[in-house]
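Two complexes come next, and they have one chain in common, chain A, joined by chain B in the first and chain C in the second.
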Partner chain A sequence: MKRILQMALAAGLLGLMTTTALAGGTLYFGLSAEPSTLDTIIQPGTAGRTVKLAMHRGLVNYGIDGKISPELAESYEISPDAKEYTFHLRDAKFHDGSPVTAADVKASLERILDPKGKGAFRNELSIISGIDTPDVKTVTLKLSQPSVSLMGYLALPESVIVPAAWLAKNADNATASPIGAGPFQFVNWTRGREIVVKKFPGYYKQGKPDLDEVHYVFYGDENTRVNALKSGDVDIIEYVPAKDATALEKGPDTKLLTMNGPFMGLQFNTKFEPFSKPEVRQAIAYAVDRSVIINTAFNGLGTPIYGIAIPEGYMGYSAEKANYFSHDIDKAKELLKKAGYPNGFEARLLASSQYSFHQNTAIAIQSELAKIGIKLTLDLPDWASRMAKANAGDYDFAVLGSLGEITDADWLSNYYYGGDKLVRTNNSPYFDDPQINEILDKGRATVDSAEREKIYGAFVDRALELSPLVFFMWRHQDYAVRTGVTGFTNMPGFLTFQSGFSIENTKIE
Partner chain B sequence: MQTLSTFVIVVGARLATALVQLWVIATLVFSIMYIMPGDPVLLLLGPESHPSPEAVAAMRQQLGLDQPVLSQYLKWLGNAAVGDLGKSLDGYPVIEYVTASLPKTMELASAAILVAAIMGVPVGIAAALWRGRFLDGLLTSLSTLGISVPVYILGSLLILLVSLKLGWLPSSGYTDISRNAFLHFQKLTLPAVTLGLGLAASIARMTRSSMLEILSRDFVRSLRARGMRERRVIWLHVLRNAAIPIVTIVGLQLGNLMGGTVLVEALFNWPGLSTLLVTAVSNRNYPLVQGSIVTIAALFILINLCVDILYSLLDPRIRRKRA
Partner chain C sequence: MKTFLPFRHPLVLVSLLVVTTVLGIALVGPVIAPHDPLAINQNAVNQASSTQYLLGTDEFGRDILSRLLVGIRPTIMVAVISTLIAAVGGTAFGIIGAYSRPVMAFFVMRAVDIMLSFPAILLALLAVGFWRSGIASLSVVIGIIFIPQFARVAQSATLQVIRQEFVEAEHAMGARYLRVVFKAILPNILSPLVVQGTLTIAAAILLESGLSFLGLGIVPPEPSWGQMIGTARGYLNQNPMYVVWPSVCLAFTVLAINILGDALRDHLDPRLREN
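The block that comes next holds the complex of A and B.
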């Protein structure tokens, strides 16, 4: 009897130990918003991307080191003229058990390329002129013109691969349960509250993911989100407000994952007369004391920018040009005088009251520009109105808080390229410089990286000279986790908004 | 019999008024949403995206947003009249959203009233019975404070103290009762107390003054003179007579309570109707905004109607006066 008891006890203990070792547990992730959609080809903002990256993988994705990581494609080759990309698929499975094939890749990419479709990066990917599938495991993309930036766009959460069969049935059904080949599979979406995903046992990376279940809970209010983390209701939060960063960093129950990600700056409507002159835009770059913005809007957290917002280590970055501007009121006044506005002028600055840092950046700029005689009226509607105005070019100038979508230098095209659509979300409306357009076209098509460096060097010179956009600072884009949560990575630089990728490595004690 | 039929007529007239009120509200909301800048299609396709004009047009058509505003309005009104609130812009029926979040708001509001009644009535009685003493002063000043402190300050302080400092209760969120009942009520407690405290204070003050007024009436003196036991006088006669203004105040406050839920739900991430509404507004989800506002308005009107009916049950004189 005693023996049996001992054995039972031992077996029980063993069982307990193995379950502890295996138990991944449930993680609660506090998102800053409820995604508007999980349709893969739409850019839904960070919250939606975070959920997408739990369920989906692309041919390639940006890995936690910031480099392109082969995912559903095991390997790939780029032809020397950068006009043909060949991908070799690995043995991966979708959540419904079907294998990932070349036909699925073709169907997924074609949906993005559909000229009448809603693909967010259709423009950027539209250089793909043909998709060949020589066998089930090989996909060849033919480009109409050489491009080295294509890989970056294929790595985005909007370029993930979904089953062709699923698409045929559900492409237009917004309420269908998503299926992908990522580490977690969809369980349910309780509207207004949370999206739940569970571990996909057939994921192609051995031993991943570790967690059994992730609940993505929507916390629209930043204070509530921070409190939820502090009290342990959730294990990870995104969009840590600057005012709470220090406290969360101190812990002891929480840890801050901090990263310089997006930049803050100004986009100018060049149809508004004073802003059509480069001298005026430069005067503003000289007039604004960066530290006032950093202190007013970001609790002192941030890094000033005195040149173009190219992160150190990215192509085009030059230490020499990084301090092109300085805080110099006399010089600013001189430039204004040269442009014909010795007494300044009046203008409307568009920002949004929905995000305190946008509003406070606008307030800081207002007080700084008053010093050189530029009197500002602030236009601070909610975010949806702000975006509508931005997309209509309905402003004199606007506070810009954004980043490059890809890490390849071609991210600059979105901000500086003129072309046939002159009013976009992130450019300076109606700015169209043939020289800049030419440089950007050339940069995109050049394979040799030494030569590319030179091209983007020339770009920086021209862009600073004309300054259609003026940059002020890098802002922190922070995540915070409960102690005991490991493996979640705030991905470097522009990739911070794709950090949701690292949920496949995340563990909880 | 006579009184019953007049009762039905009164209620019927009130219901008809309520429908007109609802129509006015629905029309107002519809107009405001269309005046407001911000394009739902753009938000739906991702504000950072650059969707093709064809995609935008296709989606506009799919959602019926390409129709003239008047025909959109008439169509919506026609459907709403038969109880169909339409589809949210993400494809789900609005009614599904509303039925999922309405019970949570109702639960929160009911819990708040419970908290308010449990705290407010005894405090008011105590203050009235010990009128002018130290206890009265203390309770009266506390309830003044309770009325004056805005819910978001009270809620923040409670979160700070009870969940962050002491770690007794979760700071936010919602758990299904079927999943974990204990956690469900734990998460309900703080928001309910936050929402209920202000009401408790009003109830306490109203109970006190109403009790005092009744206590000074002649019939109370007569009852006492006849040798009725004090406890019986207070509980059976005074309190019952004092109850009418208390019910009035609860009824009136119930409307305010619905307003308070907007802040409390946001503060505690309680996935109720207000949270739904706030999110819908920022996404310019027109059908969802209309649906939830009409529901909230209907609720508000219904509550007032119930309060009216409750009066007449408590006090037959009101019924007779109406008749």
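The block that comes next holds the complex of A and C.
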């Protein structure tokens, strides 16, 4: 009897040991680029965000279901006039063991709001006029005007909370080891190769994360990235090129996580004379055959857009306005003539050779616009130079491949609002229409959703009339994983760029 | 009377044919191309060979044959111009390095050594990264990169020549520096330089193709062979022959030029010349 008991115990112990050995493990994540920085308040692109979301959490974040998920804040209340937001913090710890307090939240948000700072979403968050900390676990945000969209901006990877003490010491030190309250803690960054993070045992979600270590490996070349997944060098890759999607979907060792999220379009430098005229921008919207872009640059995968890139189901979408434009070369020529360019003109189109779909979209647009007499020179630098040029407004027009940062209708402000910063990554440089500004201000401040719906209807009318941005198609944003990797989620719609959040649920066999 | 060199070696004859064909296509390629090399056909993407598209189509439905025929011109232009730049510059440096005051010669040849110590592709990447890429900038960059090789050849040849009597005779007659260089030295170091020239053309074609492969050479949508190989690499699954055609063309062209260069060297070197 005693013998049997011993054996059972031994077997049980053995079983326990093997399960512990099986759980966890190391995951290799193939990124499409090396992040330029890990500074939390800068928008570094999807690759950088993926790493940030492993190490950091905000008061709230977008969860895998696409809804706002309370993270460092356990709960929150919004006053009925949408002018006061109160957050109650949970008992969470930073990677250095210190507790997350109201002072840390205040310091982190103040750094974003600093007018001299580099906060990517300072414009959007600057309606915060006061940050009160009645006690260690409570933060109250007072707004200068009502805003329904604030929660969305607080959920972005650029609004995460870092320790006040760390900020005091390291805010200006770009090479300091980052500290956050996320599921993984920073280990090291081998420049040109990888960023390694390891499990943070003090994470506030019980039993998460499952992985012991994640290596974010940089693969700037998309073919190398796909081959690394096929050969098993990495377990997940982002930015699956359209031409490889079908093969990776078939497997048998790989699985495709696909999402219709980002749009492809054009942003126009309205200081470049022909593009200052709405007729010219509309002419381009009429001239480009969407299916040429989809069939050549995206291997036939994608959905055309003939209006404004508001997804069905999002506020402002209208089936009636969805087909405002059509493929009509005669109409395009007529508009060009009306604008005073009957024989077309010459222009530079900025794209990037680092992502083949950007380059190929540019080539397709070049051939389409040649048909109405617009001769294009392509400017195809690497991605970092392309971003630098976009941020400096150094182009005539540029291929835009992006999406709304938040799911609230106020995402449109980033693209259409004028304001005091007229050259941004995603807007049409120097475009500033008082009427559009007014509509967007009103939309942000209106709590009643039927009323809001009307306001954004008016926005769509005006935006189509002026067409400062022209949209062509929805593209797929795909991740591919090796079989055996579970729990990684390609987050819905606009949130696909924040899918890095789901690394806390990811398991590997 | 000896027979003309190529007819004694079938390999050399074939190489000569290949090189002549390539040069001919570089001249008339756009005229004989069956399709517009830039014409996009969204309904014929990544197709295999057919009667309409003899070598198939690329990811934009453009005719690969036409792109091959047109794509050789920028490559040949870059190769020829850069070789000329390298030949003129390198020969000047080489002669100065061998036939001038020792201090001057020392600095010139050390400068050449420093340039030689960098890998060519790395220098090219750096230079092209700073300037807009295009035929002119590529030619200059590649030309400068190949200057040191020419300078070395020219220097060693000049060193041999300047000890000979006819140079001494020029000196004795009171000839000025430039006259010695152009009348006595240059004509007598020409044959190794011609051989170096053929080798440089082949190397320049490869370097230009390498840069285009990496996306730093000829700007799309204009075709070039290297760039086609670089793009085709991503479509191995959909259209395997897409990568084969430009690769084969590039390989045979470079091989043919190298064989010609070797034959020329054998022919011009009296020690290797057969009776």
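In this section, the second predicted complex is superposed on the first by the 482 of 509 C-alpha atoms of A that agree within 3 Å, B and C clash if a C-alpha of one lies under 4 Å from a C-alpha of the other, contacts with A are read in each partner's own complex, and residues count from 1 in each chain.
We take it that contacts are C-beta pairs under 8 Å (C-beta built on N, C-alpha and C of every residue); 3 or more make two chains touch, one makes a residue touch a chain.
All values derive from a computational prediction rather than experimental measurement.
Using the contact criterion defined above for the overlaid structures, shared-chain residue A:Y76 touches neither chain B nor chain C, since it reaches no partner.
Chain A has more of its residues touched by B than by the other of chain B and chain C. Judged by the touch definition given at the top, the superposed model places A:L380 against chain C, while chain B stays out of reach. With both structures placed on the common chain, the touch criterion links A:Q366 to chain C but leaves chain B unconnected. Of the two partner chains placed by superposition, A:Y479 touches none, neither chain B nor chain C.
Shared interface residues of chain A (contacting chain B in one complex, chain C in the other): 223. Across the complex, chain A is touched by residues 36-39, 42-52, 54-55, 58-59, 90-92, 96-97, 100-101, 156, 159, 163-164, 167, 170-174, 266-269, 271, 275-276, 278-279, 282-284 of chain B.
Note for the complex: chain A touches chain B at residues 34, 36-37, 42-45, 115-123, 173-175, 190-193, 217-221, 223-224, 227-228, 230-234, 354, 381-385, 387-389, 391, 402, 421, 424-426.
On chain A, the positions that touch chain C within their shared complex are 222-223, 241, 243-244, 247, 289, 291-292, 295-296, 299-300, 353, 356, 359-360, 363-364, 366-367, 378, 380. The residues of chain C lying in touch with chain A in their complex are 38-40, 42-43, 45, 59-61, 215, 219-221, 231, 233-235, 237-238.
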